[in-house]
Amino acid sequence: MTTATHTPLPTDVRRSSRLDTEGSPTSAATPSPAEGTLVVEDLHVTFRAKHRSVEAVRGISFTVTAGKTLVLLGESGSGKSVSARSILRLYSSAVEVTGRATLGGVELFGLPEREMQPLRGQAIALVPQDASGTLDPLRRIGSQITEVLRRHSVVSSRREARQRAEELLAQVGIADPRRAARSYPHELSGGMRQRALIAIAIACSPKVLIADEPTTALDVTIQAQILELFASLQDSLGMGLLLVTHDVGVARQIAHRVAVMYAGLLVEEGTGAAVLDHPAHPYTAGLLRAVPTHDTPRGFLHAIPGKPPAAGETVADACAFAPRCAFAVDRCRTQQPELVLVGSEHQAACPVVDGEVPPAADTTATGREAP
Amino acid sequence: MSSPVLLAEHLSKRFDNGVLAVDDVSLTVHPGETVGIVGESGCGKSTTGKLILRLLETDSGYVAFDGQNLATHSGQSLRDIRGKLQLVPQNPQTSLNPRLSITEAIAFNLRTHGWAKRDIAPRAASLLDMVGVPASYAHRYPHELSGGQLQRVAIARALSTDPKLIVCDEAVSALDKSVQAQVLNLLVELQNELGIAYLFISHDLGVVEHLSHRVLVMYLGRIVEESTAADLWQNPSHPYTVALFSSVPGPGRERIVLSGELPSPANPPSGCGFRTRCPIAIDDCAAARPAPVTVSVSDHHQAACIRVEERVPVTAAMGVHA
Amino acid sequence: MSAIEIPIGLMSPAGDGLPAGEVISRTRRHIPLTVIIPGSFLGLLILAAIFAPLVAPDGPTAGSIADRLQGVGSPGHLLGTDGQGRDILSRLIWGARPSLLEGIVPVAIAGTIGTVLGMVASLGGRRLHTLIMRTLDVFYSFPAVLLAIALAAALGAGVVSDIVALSIVLIAPIARVAETEVSRLRSSDFMEAAKASGAGWPSIAGRQVLPNIAPTLLVYCTALIGLAIVFAGGLSFLGLGIAPPQAEWGSMLNDLNQDLYNAPVLTLIPALMIFVTSIAFNILGDGLRDLLDTHSETVQ
């Protein structure tokens, strides 16, 4: 942690590109049981309701390496948030989670709740999207942080807890931590509240931080501040970061590795540079091209026709993207493709496109002719 | 140049809680043109849209639509104007009445504007077809449609009275990117076919750049910079615009991370509203509200900053290495 | 389509799937037991009241003093007889006519007036809002029972004056619920779109607002019928209801009350009838809420 973020200067300018290609084990390779590495294998999440059940996540595997950022990229309904949150086992018994999740060799799903409880916050912490719905509106920020510290016995005295809370608030870049600690959530701006949530999440120095759309509700200039904060906290604390987002730009900026989800499955996974610059799955390519850039001719955005399937609308023995895919062939509709290596640090679940998706293969649909 | 379809002059709005949401905003929209308003939450862009639609009454200034001052009309003549000036709201989940089928939603608009009963159903069907909603959906209810389809219906409803201008208030912000692209393409296609003008209000810079001919940048209730879209992105001149554009996430870019947060609109700083966060602010910035300075005549590019003419490179001022 | 019809069926899973809210849309709608049970009881009761001449074993006033105070289950008198020897079952059935009428009609009248007032208050501008809501506050400041008694007494005894009195008492609460519901909708996007399209507020109220508030008001009014029946019973117990010797549950309670020490069980019968009917309307209201309200169930 640099002192620069403790007391922010009028402006804090830095170049940030994290699209490095340095090696970290792919989830396809055998993961090293390193301390602080989160390995998730064959995760299924099923929501059981009275009249039907919906499989929101249909068997995905990924690894969050210590000190690195994995971005789970996808659109609404893709199962990205559900995947991330299920690791913390925050869902009730109506939600069935199967698979394996190990953190530094400890199997999380097998643990009884009594042993899981202390791990939340201490080993894995969550930064949710909606600060206003997460912070207790009737309690001061400081006391919400000290509560976490005392619950996990990180501090021995009330005074130490208060001191540590202010340190944490300074660490997340709040200029006047003493005042912020005494404030109620509604007295802080959206960006400050998000910082306070991050302070709570890092209070017990977790090994892995799960951030569920942490900047979606924020303005773009505040989002830039928060993304910077994540990067600098990661540098200083060495945490693994699992960041869930729908925003390709956010992924570009912060990801070491990117995993793209569609309809409850991973369709592509690899280093940020590989996935975002050389997408090997037509969905990833379409998603990247759907975002307007400086040179997109007006009205000719590369839209993907149709809409993503809702959870539970997918067929088991087919590629879920096939109905919208320009490359789809018959076997896409009869066989669910597996992730295969398309590069040294890059895997994709498309047997038709071998390697990078050729440009402009998708249409400039307006949806007027589509069913 | 053709006469403007919309001319808004010196609009201001102070709410009961003292917030000066819009502070002397003027703008012009020509037929068939898209004017974008960008800015962060609380900058007054949505309130500006509401003042133009007369969903809120302006404290000062006026809105002239097609040469007619909206404030002087009421009853039938106001209704006729409103038929030509429509709205596509933000949230697909609430922009349609949950208890009306999508055909009924469009029919309500048509009935308001005096369409005969027998013409309403065929007109609604052709509008739905125009925006790409399958005919089989005509009698469905909003909760049965996806977000993208709902926004299409909202567009069809706005189109029903042959408008000259549609105010799109964050109309695609809630949609997934792959679906958003379809709706943006649709908006452009409809504009090309029907010659509608859009006032496109959004916080999404990429979308505004893509869709707009002209763009206004708002900060704390005021327009701080305006120009053609191409020129503005090439040559942003107000330090806020520069910082805003540089905040868009992406790799390997010079990023100006603004310190601090938006000042309270109930108690804005004196002089230039941006000076408390501005990397190149000087003492004079507090003295008076900066007047718009012309940056380029051909693009009608103006920036409300007293240091524009000095051409202080904002990034260099902060020691960024390119 | 009628205002309260709710779209059922044809429900595709809500488009955008399973976002953070984890809302799963229902595919089939079950009619809850809280609608079926009180609904069938009240349905039978209303049918019995309509066809009283066919259903009731006796006329409402028929009976001889010789048969007075027969117990429950005595031959020819299933629920016994009252102090004047009249068959209680018959009087209950005949008495259901004014009792139900005094429960349902005031709620229907007050529901209409209250809904209109609530919508006008909420949509018609600040001054109308103040005028209407403050006037309603005046009515609110009296205890409802006392207000009903005072009004009924002032209007004179009889079914019509009871109905008028109860209608006036019920307007304020209904208008308030309507006003709250409309205000909740007022800032929603579709209302702004309707206003921006040039529609006047009466047409917005009728076509955009009413379909949205109707289910809530229907639920609320159903429960209020239960209250109105109790109030009506109270009024006629006090002699402000239908003129004797005609049967009405409240006045029956009054009659039997005189023999409370001789035949306590008999006194309970009309009281129980008022109680059960009132509860049935309340439960039906709750059940209707479950039926009309939820488009989705949330998995927590």
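Odds and ends about this structure:
Each chain carries a letter (A, B and C) given by its place in the written order, and its residues are counted from 1.
By our rule, a residue touches a chain if its C-beta (ideal position, glycine included) is under 8 Å from a C-beta of that chain, and two chains touch if they have at least 3 such contacts.
Bear in mind that the values here come from a model prediction, so they are computed numbers and not experimental data.
Between subunit B and subunit C, the least number of touching-chain steps is 1. If you tally contacting C-beta pairs for each pair of chains, A-B comes out on top. Remark: subunit B and subunit C have CA centroids separated by 49 Å (rounded to whole angstrom).
Averaging C-alpha coordinates per chain places the centre of subunit A 52 Å away from that of subunit C. Measuring from the averaged C-alpha position of subunit A to that of subunit B gives a distance of 31 Å.
Contact of a single residue of subunit B with at least two other chains is seen at positions 146-147, 149, 176. In subunit A, the residues that reach two or more other chains under the touch definition are 76, 307-308. Shown for subunit C are the residues in touch with two or more other chains, namely 12, 14-16. Interface residues of subunit A, counted against subunit B in their complex, comprise 8-19, 75-76, 175, 189-192, 219-225, 227-228, 246-250, 252-254, 286-287, 290-294, 296, 298-305, 307-308, 364-371.
Chain contact summary for the complex, subunit B toward subunit C: residues 50, 53, 55, 78-83, 85-91, 94-101, 104-105, 108-109, 111-113, 140-141, 143-147, 149, 154, 157-158, 161, 167, 176. Residues of subunit B that touch subunit A in their complex: 40-41, 130-132, 134, 146-149, 152, 176-186, 188-189, 192, 203, 205-207, 209-211, 233, 243-244, 246-262, 277, 279, 315, 318-321. Within the complex formed with subunit B, the residues of subunit C that make contact are 1, 7, 10-12, 14-16, 25, 188-190, 192-200, 203, 207-208, 211-212, 295.
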